[in-house]
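There are structures below to look over.
Same chain, two partners: chain A is paired with chain B first, then with chain C.
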Partner chain A sequence: MNEFSRRGFLGLAGAAGVAGLAACAGTGTAPSTGSGGGSSNTIEFWSNHPGNSKPVEQQIIKAFEVANSGLKVKLVDAGKNYEEVAQKFNASLAGGQLPDVVVVSDVTWFNFALNKQLSPLDELLSTAKIDTSDYVDALYNDYNLDEKHYALPFSRSTPLFYYNKDLWKAAGLEDRGPKDWDEFLTWAPKLKAAAGSDKIVMELPDGSNYLDWVFQNMVWGYGGAYSKEWTPTFSDPNTVEAGTYLQNLAKDGYLKLSKDPAPDFTAGIVGCSMMSTGSLGGVAKDAKFPVGTAFLPGDGNCPTGGAGVGVPANISDDRKKNALKFIEFLTNAQNTVTFTQATGYMPVRKSAVGLPEEKAFLEKNPNAKTAIEQLPKTRSQDNVRVLLPGGGARIGKGLDQIVQGQDVATVFKALDAESQQVFDSQIKGKLGA
Partner chain B sequence: MQSSVTESRSATPGSGGPPAQVGPPPRRSSGRAWEWSLAALLLLPNLVLLIVFTYRPLLDNIRLSFTDWNISSPIANPVGLSNYVEWFGRDDTRIIVRNTLVFTIATVGISMAVGLGLALLLDQKLRGRNLVRSAVFAPFVISGAAIGIAFQFVFDPNYGLIRDLLVRVGVGVPDFYQEPGWALFMVTVTYIWKNIGYTFVIYLAALQGRRADLDEAAEIDGASAWTRFRRVLMPQLRPTTFFLSITVLLSSVQVFDIINVMTRGGPQGNATSTLVYQVYQETFVNQRAGYGAMVATVMFVILLAVTVVQVRFMDRGKKA
Partner chain C sequence: MSTSTIVGTVDEEKTPPAADRRRRRRAAHNVEASTHNRGPVWTAAGYVGMVLVLLVVAVPLFWILVTSFKERGDIYVRPAQWWPEPATGQNYSELTTRIPFSDYVRNSVIITAATSLAKIILGVLSAYALSLMRFPGRSIVFIVVIAALMVPNQITVISNYALVAQLGWRNTYQGIIIPLAGVAFGTFLMRNQFLNLPGEIIEAARLDGAGPMKLLWRVVMPMSWPTLVAFALITVVSEWNEYLWPFLMSDDESTATLPVGLTFLQNNDGVTNWGPVMAGTVLAMLPILVLFLFLQRQMIKGLTAGAVKS
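What follows is the complex of A and B.
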């Protein structure tokens, strides 16, 4: 009896364990198409609080509730990054308890829009008489699918070129960023000599941490692209040239990849990097050396990034109306200034830059001004990175391989094939449907 | 009265005929009914929970593995076996299965061996052993995500603890985050560190319940320490070893938090991806929930097979 119990118990425990393990893959529930639960006078806002913005989000919410009596906003911690918010939103699509407003990143919004889980906002905007022409055009148009907009810009960022002014001075360089990547190559030996063997000339995030985002600048700088519309163009000679440039930087000892270059740059170990404007606040505060910021090398080769806010498709019209009212307030000129000054993100309204408090802020913080001035030179990202499912991870993997020394043409050829296959199987049939 | 039935049966072994009925049958039948009712009452809540939260999702998961379900889509189209065919034909499957095997075998083997070693050491009467026991067990109750963040400071190639130690002895510092082999080493060591507390405490409990007289008898008979360990102690620990081999295996295969925090499955896309990380990656990053469900189903089958083999192995060991 004793033997049976133990064996039986272990067998059952094992079977339950493996069963539980397998069960974690999907909810398996029928996706909801109902009214999405919720209340019409409580707006549930799902956010990851980009750039540690929870206090400023709460401040804006408080102001909204004062201005709109009868409406309440419930701020929900929906994850620590954009991907986790998307996961929670996906779970809610199956469970039926939908938020009213959800943060969607430059990467995550498209799949929701394509599968009709986000509301097209154009009609709602026009009914509410909200003037969208004040939104920065490049940022507003990032959420366009089939001539409809599925989100409004909120925590938007671009990469900036960050450099250590002390190192620049020691290397005898002018106090500015490189005009293009060829110029940087002429600077790199001087920077290496000035930095010494224990420091790194340039550090970029690795392929698991958005190298594919900042590398677009190099690709565009050499006249290449990840894709033209939906056609992958990794094998284009210009794209391959950019890949070879990246590889040579690493081979010559000028470039290292890391999980997060910000702490290394702030610690003075790294001479320069390309990082998000969202890192500006922390870097400027903690660095013990003068921090320089500049436009990304090249002219007009800066990708946009960050996140917007959208409204789920399957909630009631009343909830949608209130959600849009909140989004408009959250992203109006005054609040985008409040938000961006607290976080380092960019104002999403054109008129924001003209407000006196913003002018004063930019006067005091010239590095923040760099991001604003770079804004007109930004460009929407290539489809295969930002709209194709898993695009960023796929390209990041290839770039890691290139930096580790694998043949550029071979890696890019494989990326072409994989990207095309994903487009054909997951996107093509749904476009225009 | 029931005890008298037992006694009556015991008193007539091998008599051939049916045992004589003693006592009124209706009472025994109502006793059985009561036992059945009690068993059902006790088992039913757990059984319902298991069915609703484990077996139903399991079956649903298997169903979804034959579809092309996009995690955000309300529609899941049947695709037959194509997810399975694709998985077996893809290049990254080989890498991910290899990673899973290396990670699992290393964590099961090393954490059990080190846990046993520490348990043997801390089973001795040593000063301050309770404090050390607590210290060894503590990592097990810390969340994997917290450990993953803490160990980034240990393995950081620019200012980590290991770099500091290696530089002091003049050894080159590997880039744990960018070199695939070292990255897998890093997450494996981190998980072993977390898991040793568990194997240690289970082995310690087993050691404290063992028969000390057997060891003393073997010592009197002149058996060496190694012989006593191998021939006297280990057979007594066999059920514990078996229990640990199953539970540590299952938990090792499910490790997600440490990998997600430390490497996100990279470098080079999948150098530290295991099967469970692939489930996440395919379902939530590539949005192919049908494909993710297929990987989870494959895991289920593999683990079920391994568990069955372990149970058989245990049985054979007992009969031998």
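What follows is the complex of A and C.
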């Protein structure tokens, strides 16, 4: 140990330095043969197991491997939510070793599609002779960019109107949801009187937790929109009216925002809320009172949500073909029923509702039935929320300001300007390219 | 790990017997009390403050513990239940059936032990070289190391990912461990510690013919234990809780660590059943808590080392 000469040490230090420099040169030297690593008969499926669905996913995968001998599916834990899957996918785009199938949410798919990192599926679908008309239209068209589809619907949810039946009874209301938001306003004082001072009539998620998603319903209910195609329409008088309605609900003490309304609702301190269908199972299990569900107020005003599955662009054609085979299997009528019954998501196929096991399930779960009957009345969300980078967060922040009492017209005007600017600088040039 | 034996020996050599220590502490307290000469009001206020701080720290921990023994329907109720009624161990059994909990624990232990060991060894050796050995370019090397400290690891993640993926190391232990093993922080901390050691002692050791390794092992290290223990503890805790990198690298339970595994108990779209999540949190905290209690005295000594000039 004592023979640790100075020269030897310097040599070592030099060697370490060179190794360090070499280590820095990580990016960009991936073998870019278009294969992106991976073998062609193992399908890597990157999923965040939406709605704790890992056991169901494994069950479907097993059935797929039995039906397609020679193909293997490797299920990868790719994150705890859609954003983390997007992050991991992003990292893999820089470094090779791409997955074959990846879960992309309504908000994350567009950026990947725009930058040509996801494959357009239409050509692959027609070569494989897959009939897409059986997919629920609003869900299928959510992944449309320039008349090409970049994902197929997988774990799709919509908001539902949840209400506490005990409170409804105490307030002397009919056992149903409001027809529209004007009717709700006539109900609100009765509900408040019945609820007492320590309870809240309605609680919604705040602006950083998808208020902008459920508020989409109010906006459409008043004939407004976040945008028409790519033109933001926050300043539209109808949109402003919806914003004012939201503000008045809060001003009159009927509405509270929170990070997650589900715990308060299940604890019985909140009369009603708009939450994802994904919460259905959990709320029904936890609540100690009868839970009622209804369509969102209005007709055909329910936004879609959730995630689909896509195929990376930069993998070999063989892998793409296998990936599509797996996606078709994962989302076919039988499996979408298996998957959605275990999780609370919506079946993505029209024919799924006709299957006997789905009929039996709906018989037993009237609340799930509400969600499925609402499905044909869904509408794809406005571009400015789901497709503009940071759109949801930007609108959510504006809505938070409105609820806190800032002038609606001013806030919405600023949203118009900001959204337009983001579109001009980040999207416009890449569209149709 | 070798640290535990090391701590044992230090305890024997350096700390006076318990009774003696207590006496000294009481004496110190008396001196302090007499100089300040506080009235009973201030003393009471002091205790109230202490209780408040204790509550702020302890209530969330207590809540985690209590919730982990509750039945699902009792978690969201008003008024809140401060004691599980009826208590159930079901969350703990669900924890082990719903996710491969023991696999995650094994991975966490292996990865934390290996990375911490690597970091500590690298940190001590590089700091030693940069503080007590003389060679050309020493300060440049040091500046480069410090510069590395300034780059948050979120930024290097992408290029590290590319490199490790090309080596085919995704979803392997070495893929997770090696990129995490670099230690600018340790180098910095230990170097400052070594520079503060009295030069005369080192000079004397050199005159007595101690070589570099002997100097490090017999002279420098025994005087630096508290700092080293603090560094080791901080490293172990942060490695145990490390999330981003293990998450990006691991594909399944063959390499994923506890913080990654526990997230699969949460429902990302819907209502989470918090019972098992809390049970998992309790079990994930325990090893670190035990380690912390074990090394606590050393750690506090280490953090205040150099704060007072003797």
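For the reader, a short list of remarks on this structure follows.
By our rule, the second predicted complex is superposed on the first by the 399 of 433 C-alpha atoms of A that agree within 3 Å, B and C clash if a C-alpha of one lies under 4 Å from a C-alpha of the other, contacts with A are read in each partner's own complex, and residues count from 1 in each chain.
Throughout what follows, a residue touches a chain if its C-beta (ideal position, glycine included) is under 8 Å from a C-beta of that chain, and two chains touch if they have at least 3 such contacts.
Just so you know, these numbers come straight off a predicted model, no measurement behind them.
Contacts of A:Ile269 after superposition: both chain B and chain C are touched.
When the two structures are aligned on the shared chain, A:Asn141 is found in touch with neither chain B nor chain C. Legend: residue contacts after superposition of the two complexes on their common chain; A:Phe112 is shown touching chain B, with no touch to chain C. In the superposed model, A:Lys74 makes contact with chain C only, not with chain B. In the superposition on chain A, A:Asn41 makes contact with neither chain B nor chain C.
Contacts of A:Gly306 after superposition on the shared chain: chain C is touched, whereas chain B is not. Look at A:Gly51: by the touch rule set out above, it reaches chain C but stays clear of chain B. When the two structures are aligned on the shared chain, A:Asn248 is found in touch with neither chain B nor chain C. By the document's definition of touching, of the two partners only chain C reaches A:Gly282; chain B does not.
On chain A, the surface patch touched by chain B in one complex and by chain C in the other comprises residues 3, 6, 10, 13, 23-24, 26-29, 31, 87, 90, 264, 267, 269. Contact residues of chain C toward chain A in the complex are 72-73, 75-78, 129, 133, 135-136, 141, 157-166, 170, 211-214, 247-248, 250-253, 256, 260, 263-264, 266-273. Contact residues of chain A toward chain C in the complex are 1-4, 6, 9-10, 13, 23-24, 26-31, 37, 48-52, 54, 74-77, 79-82, 84, 87-88, 90-92, 94-97, 155, 157, 262-264, 266-269, 276, 278-283, 285-286, 288, 306, 343-345.
Those residues of chain A lying in contact with chain B across their complex are 3, 6-7, 10-11, 13-29, 31-33, 83, 86-87, 90, 93, 111-112, 114-117, 200, 206-209, 256-259, 264, 267, 269, 389-390, 393-394, 396-398, 400-401, 403-404, 422, 425-426. For chain B in complex with chain A, the touching residues are 50, 53-58, 60-64, 68-75, 152, 157-159, 175, 177-179, 239, 242-243, 246-247, 250, 253-254, 263-270, 276, 279, 281, 283-289, 292-293, 295-297, 299-300, 303-304, 307, 310-311, 314-315, 318.
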